[in-house]
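Look at the two complexes coming up: chain A is in both, with chain B in one and chain C in the other.
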Partner chain A sequence: MTDGQQLSGRQLVALLVLMRLEVATIILPSVSCVDQPRESWVAALAGTLAAVPFGLLVAALARRFPGQTVVQFGRAMLGRLAGTFVAFVYVVFFFLIASSVSREVGEAYVASAMPETPWFAFAAVVLAVAAVAAASGIEVIGRAAELLVVAALALFITVLVLPLDMMRISNLLPVLERGLAPALPASLISFGLFGEMIAGWMLAPYLDYPHKMGKYLVSYVVISGVVLIAAILAVVAAFGPTANSRILPVYNLARNVSVARFLERVEMIPLAIWTFAAWVKIGLFLWVSAAAISQIAGLKDYRPLVFPLAFLAAAVSPVLHEDLFGLLDYLSWDNWPVYACTLQVTLLAVLWGAALLRGGGGKAGRSETKRAEGHARPGRGGTGQRPAKKGGHTPGN
Partner chain B sequence: MPLARSLIENRAALAGAFGNSPDLVLRDLQLSPQGPEGLLVCLNGLVEASLVGSSVIEAISLMDQEDAALTDPAKLLEALRLRYLATTEVVEVSSMRPLLRRLTSGSCVLLLDRSATGLAVHTAGWRERRIDDSPSESTIRGPRDSFIETLDANVAMIRRRFRHPSLRFEPLVVGRATQTDIVVAHLLGIARESIVKEVLTRLRRIDIDGILESGYIEELIEDQPLSPFPQILRTDRPDRVAAALLEGRVAVLVDGTPFALVMPATITMFLTSPEDYYDRWPVGTFLRLVRYAAFAVSMALPSLYVALTTFHQEMLPTPLALSIAAQRRGVPVPAIVEAFLLELAFELFREAGLRLPRIIGPAITIAGTLVIGEAAARAGLVSPVMVVAVALTGISSFAIPVYSMGISIRLIRFPLLLLSALMGLFGLATGLSLLLIHVCSLRSFGVPYTSPFSPLTPGGVRDSVVRAPIWAHDRRPELVAHAKGRVAARQMPRPPKGGPGR
Partner chain C sequence: MLILAILVTASGCWSSKEIDVLAFATSAGVDRNAETDSPIVTVRIVKPEAIATGGQVGLSPERAFWTVSSEGRTVFEATRNLLQLSPKRIFGGHGRLLVIGEDAARQGVQAYLDFIDRDGETRRAVHMLIVRGETAQKFLEAEFELSPAADLGLETQLAGGRAGMGTIAVTLNEFLIALETPGLEPVASAAEIVVKIPGGIAGEVERSEVKSSPQVGGTAVFRGDRLVGWLDPLDTRGLMWVTGRVVSTVVVVPCPTGDGEDVTLEILKAKAKMEVDVRGDSPTVSVFVDVGAALAELEAYINPLDWPGSVDQLQALLADAVEGEIRSCLHKCQVELGADVFGFGAAIYRSSPAVWRRIEGSWDDMFPLVPVRISVRAEIRRSGVSGRSLRIR
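On to the complex of A and B.
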């Protein structure tokens, strides 16, 4: 089923970090979608902290049947009918993310660099690139992500550091003047975005060490959490109380860079990051939706589904949101947490409950871990033909 | 077809096989007064005439009384083979096909009447090019030899670098008409057996009339034939091949080609020069960084310029934007056309300079610099900034040490240019994304093209953008070879402890 493709843990983390970085670079909803930007870093911190147990729970469930996806798990636990229903809900969730991200990129380009082009042009092209990536296989997306994530993180941090002269610590003070309680609800925004990591469960069969899923998910949450909080701090310190009125905060931050009257206007950097991160994210979710559908329907190959799904995503994207402000509204407190968190938490709770009641996995699961490991190791990085190690005897000894 | 016992029949068969070709030499020999008649066959120009004279004909005439008295051709051949023929290799041949093959490889064959076996004596010697400095990959520090067109000499150049017998050469013959000799070299115990086997399998699958250059082989065995990127490294430096063998890679040498093929190749290898390892490591690392920058510049600089000046003028620092705008005033064409014109002109001059007889070369250079650099800009056809950008791009592509990669990148530049003219930075990003997806899906003999960056391998990264010091370079590329034990531990030199106070 995995047609010989493999994903290393690092590649999984890279994929997820880029997925999270995409939203943070474009909209940074933790700042732009809240009333009180000064508190938003606390909210993001809380969201990050809450995402850690969520990730561990996902990993624990995934470890019951190592090498199985959330779709297969749901069917095994809930039975055919209910399992298919849960799987279908996930497919819709994943697919809508792909569609929504394409809209996000299109709107972001129109709002930033190319105001005269219709947003749909960008969305369609990004979807096409993502579909090509998804059709090339998860291994290709994984490798691309592994290459991109280093550059993306380095550039992202550069953008946050360069406008140091604009930042005022006083903009961040006082800390929590209203107390902790009013700040916390906003944490659900970032928690909901972190929750998209459930897509990682769909990749479980491809991992070289499936039983380390927990480690991977936690490192994803920690890395993106640190970057996210750094971004929030930088944006709020630079723009002060009006930070939430900036539509594209990181882009705006980059626009204001001026170092030595030469290094100016580095908005090319966030543009590059969000374009690359966007197709990686859309590619990932197109792939995940296609793979999930093919598992529900029992298809041998997910590939024929990728391009129809991409077309569908393009068709759906104009309907999803009114405009950029609709998008902001969608990601704000009123909508996104209600939708995403409910869905993620409820579905996971259902799966967890079923797993508790059924008590499946256990020893069988553990022995399967070993099998999966033994199978996975030789082909790591996909030479697919690595023979067993035979102590490297060197010439000249 | 076995040889006949009659010399006359064999002679007719040989003459017939070559169609009475003028370069076929059939020389009658009477070995001894009462012995059988003999025939010495060779192809003129493929054998060293003096060697045939001294080691075969003269050697036969020096037979002692007892041997010269032999009348049984089999015994006579045995005696000749063991005692008289004075060359390194003497082989018995008893059928036509190997006999012809020996002849065309430069042996001369001795046939006797009443005997269905002959002796093939290795006397090959044709005009060879002198072993010279590498013309396509020159270095300041490093060995000064490079491959030539003769397979034996090339094999010897590699063998000379390995005294340990674990260096293995697997011979193959490819090509129906050319029957080209091919040798697959690898280090036993270091190269992965599966990769060696895969190389051999792919080579054996080839069925073609002729192989005239290693490029034929390259195109017939690469993983992704439709990709613009080279997936097999070709080099004319024996030291580079030796280094690759030490990393566990496999080299293919083709007779008649001064280039060896090295596989599996990953993208970092194309940005590597042997000199990186000969100079000290900070220098090597710096040069690598320069080359990676050159790689990026030669791929994307003109596109970036077009995207910025056409779509995103606001992103340039204001003084720079003003200066570019001032220079572009009066240029009658949009930036993209300007870029295409200049790029095409550059390619024209490069190609013309390459193909022309060497004596006329400077004329082209003068015309190129005058016409492009000065006149075009002064006539207002192109802006000077664009000239700078295109020239920088061209120079950068020459800084890529492997020619085949440099030229691939030049090809990729044009679609990127078009995309950025259509959609600005977004177009450029789209083009680069598609390129990245393509590169990530490439493999060379099962090894991902993007390794050691992705999948990240600790041994490989030490020899990628950075060149780790030799004593820290203790692992081979993991996906290619059995990794460990390259350099023994704790080799970093340190000052001696507790010496007399200085």
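On to the complex of A and C.
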């Protein structure tokens, strides 16, 4: 029941970096959903630093159960009922994000470039294309991400650097005037978004070098953290105290670029970046949801689930937030970030706790893993066989 | 399936705007109707055909732009009402200047600026001008001799910092940041209309002669969002020294030979640093200005090689001149206008937020009394291609 797909480390990092930066390119909630944008970079730094040990723990857990997804090792350690519940929570988490992201993209397009178009048009298109990618397999999405992440990052950095004449360091001072504590709740925003890396628990069986997962996750945190903090600094330096009136800070920043009266109005660059990042993120999360559901339900093939999930995500997206302000409120620290951080940390703690207590997986308890389902990857139909090289999509390969 | 998908996407989108139905507004102006207190929005639309043919010396007979105005209860309503007068949809994305009439500015600009900031088409990089003694509408109807589209030319000058001595360039972004920053009052460039032929502003479609020209110089000083006064060009330069905005300007100092001649020094670089001392009961401010200049013009005979002290004397004279301009500006802003356009309050806030929170409420009273220490260091680095000046034998 394997499908012969593999993810290289670079693809994993690319996937995760785009996943993380998608929100930053569109809304940059650390700045636009926060009271004091001047201190956001401190909060983002705190979130990034906290994400590093989190990533190491996530990777270590996956390493204990080589070739298994969270559905499998969750059920193995927690028992069928509790494990299924945990897996269900996991699926819902990612499914809702996919739906929300499609809404974000739609609203962003409407607010910026095409105000007359209903946002749903964009959301539906992105979901459709992402569904096609998800149904083609994780390697497809991974390769696409790998190809374009470098360009996306380079363009993003360019957009941050071009408006240098607008930026004033005085807009960034004073630093932490009220002390560290009031700035920290906003770090939940960054941490919650970093924590989406627990998608890695479904991706782990596909890695070509599973033992390097820790390194991959740390590189993801470092790369996206650096870019994120640079973005926050750039936006706040350019817009000063008016920064949190911007709904789309990076877009607005690019709009006002004027270099030597020649290079102006490069706002289409953030548009392109966020479209692509959103597509990758939605594709990834649709895949994660479909794959996990197929494993929970014991299905042989996850692909038939992808398009129904996409439809469902499209149907849910208008309901998820009432309007754009609802979306912004959702992303401020006391809404989704609290939920996300709690979920991520709890899942990690529960699974680790079970692993330590029941001694499951890894070097200890090898017998348990054999007893549990040894089928690693979500099936694509056909008999299971582990090919030596990357295989095609034909069943039974 | 594929055909359906292509059909749906290739037919164009809801928001498509073809370029030939757009009227490009290069400048916008806001005035206030004194009787009804409603905003009058004027928009200056460029006519690309007229500019294209105006490449030769002597401008084409057709005016290269068209101004249209209308009124409404709010700025957005007034802008919408413009559509009744314009056959093409007005597109604000290429705007360069935002001009506000003096009367409107005195009443407070907050109400006018929100739409401009919120609308997705306008950019924050537009330059703000306040028209002295006239309405924005009249200003937008005036034009330059040399360039058919005055505002494009103006904006190029402003952006390059070369619009003449004592002209400050302020973008909408800077203005809004200053509005929201505690301890910093916003400023904008001041503009006037120079009437060349008395009794007229400009023709409607044809241009017979240039009847009036726009002129930018000086600064409009605000307290909060209300205009409170003006700075003349020399005081504006004082402001620019302190806020580090001097790009390229010229300072004339008396010749050290003492015979009444002048020396012109071209400023190459000017940097300023503001330090705030909050110890004790009241804060004091120190301004350090570092000026690099070039010897541009000597009216009398001086040979720096023969007279080594001449350069030192010139540097001292330059430092005095700069300090004088700063003092004059300080006096005007502190005593007469009571507006902290230098950002002393903001500097206090940045260095010690706790102190600022204490004095914030009484800053309006404290600001005029703040002692300011000015220290200018001037250095003459170059002298063109001549060393000594002309000697008559």
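The definition used in the following text is that the second predicted complex is superposed on the first by the 360 of 397 C-alpha atoms of A that agree within 3 Å, B and C clash if a C-alpha of one lies under 4 Å from a C-alpha of the other, contacts with A are read in each partner's own complex, and residues count from 1 in each chain.
Everything below uses one rule, namely that contacts are C-beta pairs under 8 Å (C-beta built on N, C-alpha and C of every residue); 3 or more make two chains touch, one makes a residue touch a chain.
Only a predicted model underlies this, so the values are computations on that prediction, with no experimental measurement involved.
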Message = By the touch definition at the top of the document, which applies to A:F276: first (chain B), second (chain C), both, or neither?
response = first
Ask   = Looking at the overlay, does A:R265 come into contact with chain B only (first), chain C only (second), both, or neither?
value = both
Task = Scan A:P115 for contacts with chain B and chain C and give back first, second, both or neither.
result = second
Inquiry  = Quick check on the superposed pair: does A:L147 touch chain B, chain C, both, or neither? Answer first, second, both or neither.
reply    = first
Message = Quick one: is A:N256 in contact with chain B, with chain C, with both, or with neither? Answer first, second, both or neither.
response = second
Ask   = According to the contact criterion defined above, which of chain B and chain C contacts more residues of chain A?
value = B
Inquiry  = According to the stated criteria, A:S136 is in contact with first (chain B), second (chain C), both, or neither; which is it?
reply    = first
Request  = Applying the touch criterion given at the start, work out whether A:L173 contacts chain B, chain C, both or neither, answering first, second, both or neither.
outcome  = second
Touching partner for A:G240 - first (chain B), second (chain C), both, neither = second
Note = Intersected contact list for chain A, partners chain B and chain C 113-114, 117, 121, 125, 261, 265
Note = Touching chain A in the complex, chain C uses residues 9, 13-15, 93, 117, 120, 123-125, 156, 159, 171, 173, 176-177, 180-181, 343, 346, 349-354
Task = Spell out the residues on chain A that touch chain C in their complex, using ranges where they run on.
result = 111-118, 121, 125, 166, 170-171, 173-174, 177-178, 238-242, 245, 252, 255-256, 258, 261, 265
Remark   = Seen from chain B, its contact residues with chain A in the complex are 162-167, 187-190, 192-195, 198, 311-312, 314-318, 423-426, 429-430, 433-434, 436-437, 440-441, 443, 446-448, 450-451, 453-457, 476, 478-479, 481-486
Remark   = The chain A residues in contact with chain B across the complex are 8, 10-11, 109, 113-114, 117, 121-122, 125-126, 129, 132-133, 136-137, 140-144, 146-148, 261-262, 264-265, 267-268, 271-272, 275-276, 279, 380-387, 389-396
